Amino acid sequence: MLGFSVPRSPQGRAALTPPPPWFYAGNLLLVDYGADPEAVAAVLPPGLTPDPDDPGGAVAFFVDWQYASTSGHERTDPVLSQYHEFFVLVNAVHDRVKVQTCPYIYVDRDTSMARGWIQGWPKKLGQVHTTRPFPLPSPAAPQVAPGGQFGASLSANGRRLAEATLNLERVSADPVFLGRRPIINVRYFPRLTAGQHNQPAVHELVKSLLSGATRTDIWEGPATLAYFPAPDAELDALAPRHVRRGYRYSTAFQVDDLHVLTDLTGQQPQ
Amino acid sequence: MLGFSVPRSPQGRAALTPPPPWFYAGNLLLVDYGADPEAVAAVLPPGLTPDPDDPGGAVAFFVDWQYASTSGHERTDPVLSQYHEFFVLVNAVHDRVKVQTCPYIYVDRDTSMARGWIQGWPKKLGQVHTTRPFPLPSPAAPQVAPGGQFGASLSANGRRLAEATLNLERVSADPVFLGRRPIINVRYFPRLTAGQHNQPAVHELVKSLLSGATRTDIWEGPATLAYFPAPDAELDALAPRHVRRGYRYSTAFQVDDLHVLTDLTGQQPQ
Amino acid sequence: MLGFSVPRSPQGRAALTPPPPWFYAGNLLLVDYGADPEAVAAVLPPGLTPDPDDPGGAVAFFVDWQYASTSGHERTDPVLSQYHEFFVLVNAVHDRVKVQTCPYIYVDRDTSMARGWIQGWPKKLGQVHTTRPFPLPSPAAPQVAPGGQFGASLSANGRRLAEATLNLERVSADPVFLGRRPIINVRYFPRLTAGQHNQPAVHELVKSLLSGATRTDIWEGPATLAYFPAPDAELDALAPRHVRRGYRYSTAFQVDDLHVLTDLTGQQPQ
Amino acid sequence: MLGFSVPRSPQGRAALTPPPPWFYAGNLLLVDYGADPEAVAAVLPPGLTPDPDDPGGAVAFFVDWQYASTSGHERTDPVLSQYHEFFVLVNAVHDRVKVQTCPYIYVDRDTSMARGWIQGWPKKLGQVHTTRPFPLPSPAAPQVAPGGQFGASLSANGRRLAEATLNLERVSADPVFLGRRPIINVRYFPRLTAGQHNQPAVHELVKSLLSGATRTDIWEGPATLAYFPAPDAELDALAPRHVRRGYRYSTAFQVDDLHVLTDLTGQQPQ
């Protein structure tokens, strides 16, 4: 039986994800903002403490991704390679280093959801749309140029959970981007055996490793961001108190490793 | 009651489509090919005859569109502006002019389906994916450059109906593109009244009018194309006998008019 | 070229809908309520006037449908036969008869959307979920029995537009149901030719004809209903001021005819 | 941080799945058949051996589920409680007991996918449709009665992977049903740390525990079943060599426990 994840199969083609390395190319719209510091503190995993210099600091990302494995067949069968993602990163400190962690993340493809669980990104399914720029002038699409207007939204289970807009002003001299701070997440896989529902089989603090990252110019401008409530989400607890700036760029990188920082299985989940 | 289409409403916001002009920006992957000339002849509407110089000539298009109305609010709420489309155009002659007509077309959004019916594009729902190019080198995405590998697919009701690949070679000196020939379609809206099921209320031969079209360079290269059968489709009757070349480019235009050529309601539908 | 609707094709299999008769079987959850009488008056088509005895009267329907054409092949290929629907009917008077008309309706399948346009139901795409009853006791599903709790929701473009609940009390002695009043709708198909955007090709007041309707017992009980705003909908203008009762039952019928009452094309759309 | 699974959150509402018990109500269409014994042997996990009396024995299930947690709020918000599932069980022997194991399973909801991974069901996303019976005679729906015709299908990523039909004959005296044999699955959660990609963090042989199962009469009749290939699936290797009988019934049960049989992490994945 072959395959990096379930379902493992004789040829290994059935698995939700083939083995790393995993290659990514993405167009990102992100909004840097300040949330309620208590709400941020409430989503920090064990081992992380609030960032004293910016305890409510958070960033909302809306991304159009293309993915390929080593075989690369996904590139020309784009139903297998394209997905859309929303996630929020909040500020924290780990071992005296300023870091970020991801409490909530949504994607629209099972393969990405599976890779997320394995990496420590706690992915659920959602629908994400982000305005695409265009190489020709048109009322139907912005250009990556001063005045370019972009928007983005997230919904899950038929409810809108987040929306954002961004008006491009200029290439940023000091941009916010994915990976500017180290990202610390939690791998968590529960047990179903009676009496062990609070004793997960896997509970690890991990550091994401993105290798070979390249980026285009990062544009910035004024932005808006709003979150909305839903019975199966707590994203709105991290709603903006004040929005800073929005950013837009493209990036490429690969993932083939993960740094396990702490085994938390000895701790009773809080 | 306001609104260009149903549902008409007090403020006109509920309508599937606001009034023209409609603005479009799109990234197109297309494959020029030869189908069975008898199959092409069988889908020509009244008034069109086979193109004697290329009676099986056809082009398959896979497109990522963004759309906006005059108000432009769709641009920053991209769930309302983005859709994906597949269509096939076949060669014909109308009134001694070489033209094309669209027998089959699929989109993934109701607003586009409604506009299609009104324009004479016989749209159904389907899912279309097309590889996106990328501004940075990555195994996850091609660049618009020699060697760039693209793919595309169409499915409807959970069945794959079409797939294509294209390897970019060079900017084309004599490209195939949307609008190179005039496009003649059929507006058709039936009656449900008993005894009149074969007497449509609207049955018109119409000429599409795309105004203000701009295009990027059009790249070309070798391509593949395949169609697959389904109980609710006859696309596979137009399957390639030989594939010519594939093309990729971006375009923008607007639609606000339609030229009605012939009222066919006097004719009994064949 | 064969086919009752577009796309017409050599064998007639490609059309969005085959010719009538169309057979339907459905499970309905509906909520009878009172809306703002002015909001109801504002959605009445030409020829209909408010019901003086219940000018705000309205009913919201959530339905799980199965459909088959004469060939019946859809029955064993349920991806072709199943769809879900939400619609609201509002009270009116036509020619001194108490009737209802449908301003807004959502389905999740293109074939039903096409049949709707042809019949005068102004269908858009939406996602509708309705609790299913179950023949065995379970915390996961209600029974059609006193105390049975049902819910339903509508969303479109990732926004929740409507939600309802119903607690069954008893078989109703005087139920509200689909078809209790005649249903008068509007067939409307615009022209795109410049200068004629307000001169629809088809604009008819029509009366729906459901033949051979059968119904199970109709259960009733206390209900809730709420509508929510969206930029592309005006359903919330018809939100409940007071909710009356909810009802649940199953029905079957066929459609093969439509009564055209008035040609409105001479009137300038309001 | 509360929640049985990721994402864990301050209130525990964000988690893909709340803690057990999980309650299920489902309508099942299943087809009992014989696959290639070598193909069945190739998907057995460590510790299971072919069933010498029926080495190619397999059953394909198509199910409409409703789910609720202890809180039960999913019951009246059916977008949270309804999902559709396909899975195949193959025969095997474990510790001299005749059992079944699930190599492939598809659902259309993230919550069910997450619970599946935790239970050892290797779920991916797919779309499943199953004909619904109806309490009134209609060409649009079968009744649970002799002659009732049912169909079902599975697709994933826009490709049809499986389809089945069943014609009801009679209540079965010796039916095949879910749980007739014990079900042994594999919990598997990989490591991403470089050098450990073949050393999963969790690799356990587990026995599913369905408690409190109730069933309606189980109807049987002649059936058909077909599987189709896809680049990201190996289901077609288990295609029918001969189809036995089909069955249809409803069931309810709960899940709140799992029996871990063997820790396989010491074994190098094959």
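To keep things simple, chains are lettered A, B, C and D as they appear, and every chain counts its residues starting from 1.
Everything below uses one rule, namely that a residue touches a chain if its C-beta (ideal position, glycine included) is under 8 Å from a C-beta of that chain, and two chains touch if they have at least 3 such contacts.
The shown structure was predicted, so the numbers you read here are calculated from the model rather than taken from an experiment.
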Item to complete: Could you pull out the chain whose C-alpha mean position is farthest off from that of chain B?
Response: D
Worksheet item: Copies chain B, chain D: same or different interface, half of numbers shared as the threshold?
Response: same
Practice prompt. Could you give the separation in Å between the centres of chain C and chain D, each centre being the mean of its C-alpha atoms?
Written response: 35
Worksheet entry | chain B and chain D, separation of their C-alpha mean positions in angstrom | 40
Worksheet item: Just curious, how far off is chain C from chain B if you go by their C-alpha centres, in Å?
Response: 30
Fill in: Residues within chain B bordering two or more other chains
77, 79, 127, 129, 153, 155, 158
Worksheet entry | chain D-facing residues of chain A, complex | 1-2, 4-11, 13-14, 16, 19-20, 39, 42-43, 45, 73, 77, 79-80, 103-105, 109-110, 113, 117-119, 122-125, 157-158, 186-194, 197, 201-202, 231-235, 237, 255-260, 269-270
Worksheet item: Tell me, which parts of chain D touch chain C in their complex?
Response: 23-25, 64-68, 72, 74-79, 81-82, 127, 129-132, 134-142, 149-153, 155, 163, 165, 214-216, 250-252, 254
Worksheet item: What residues on chain C touch chain A, complex-wise?
Response: 127, 129, 153, 155, 158-160
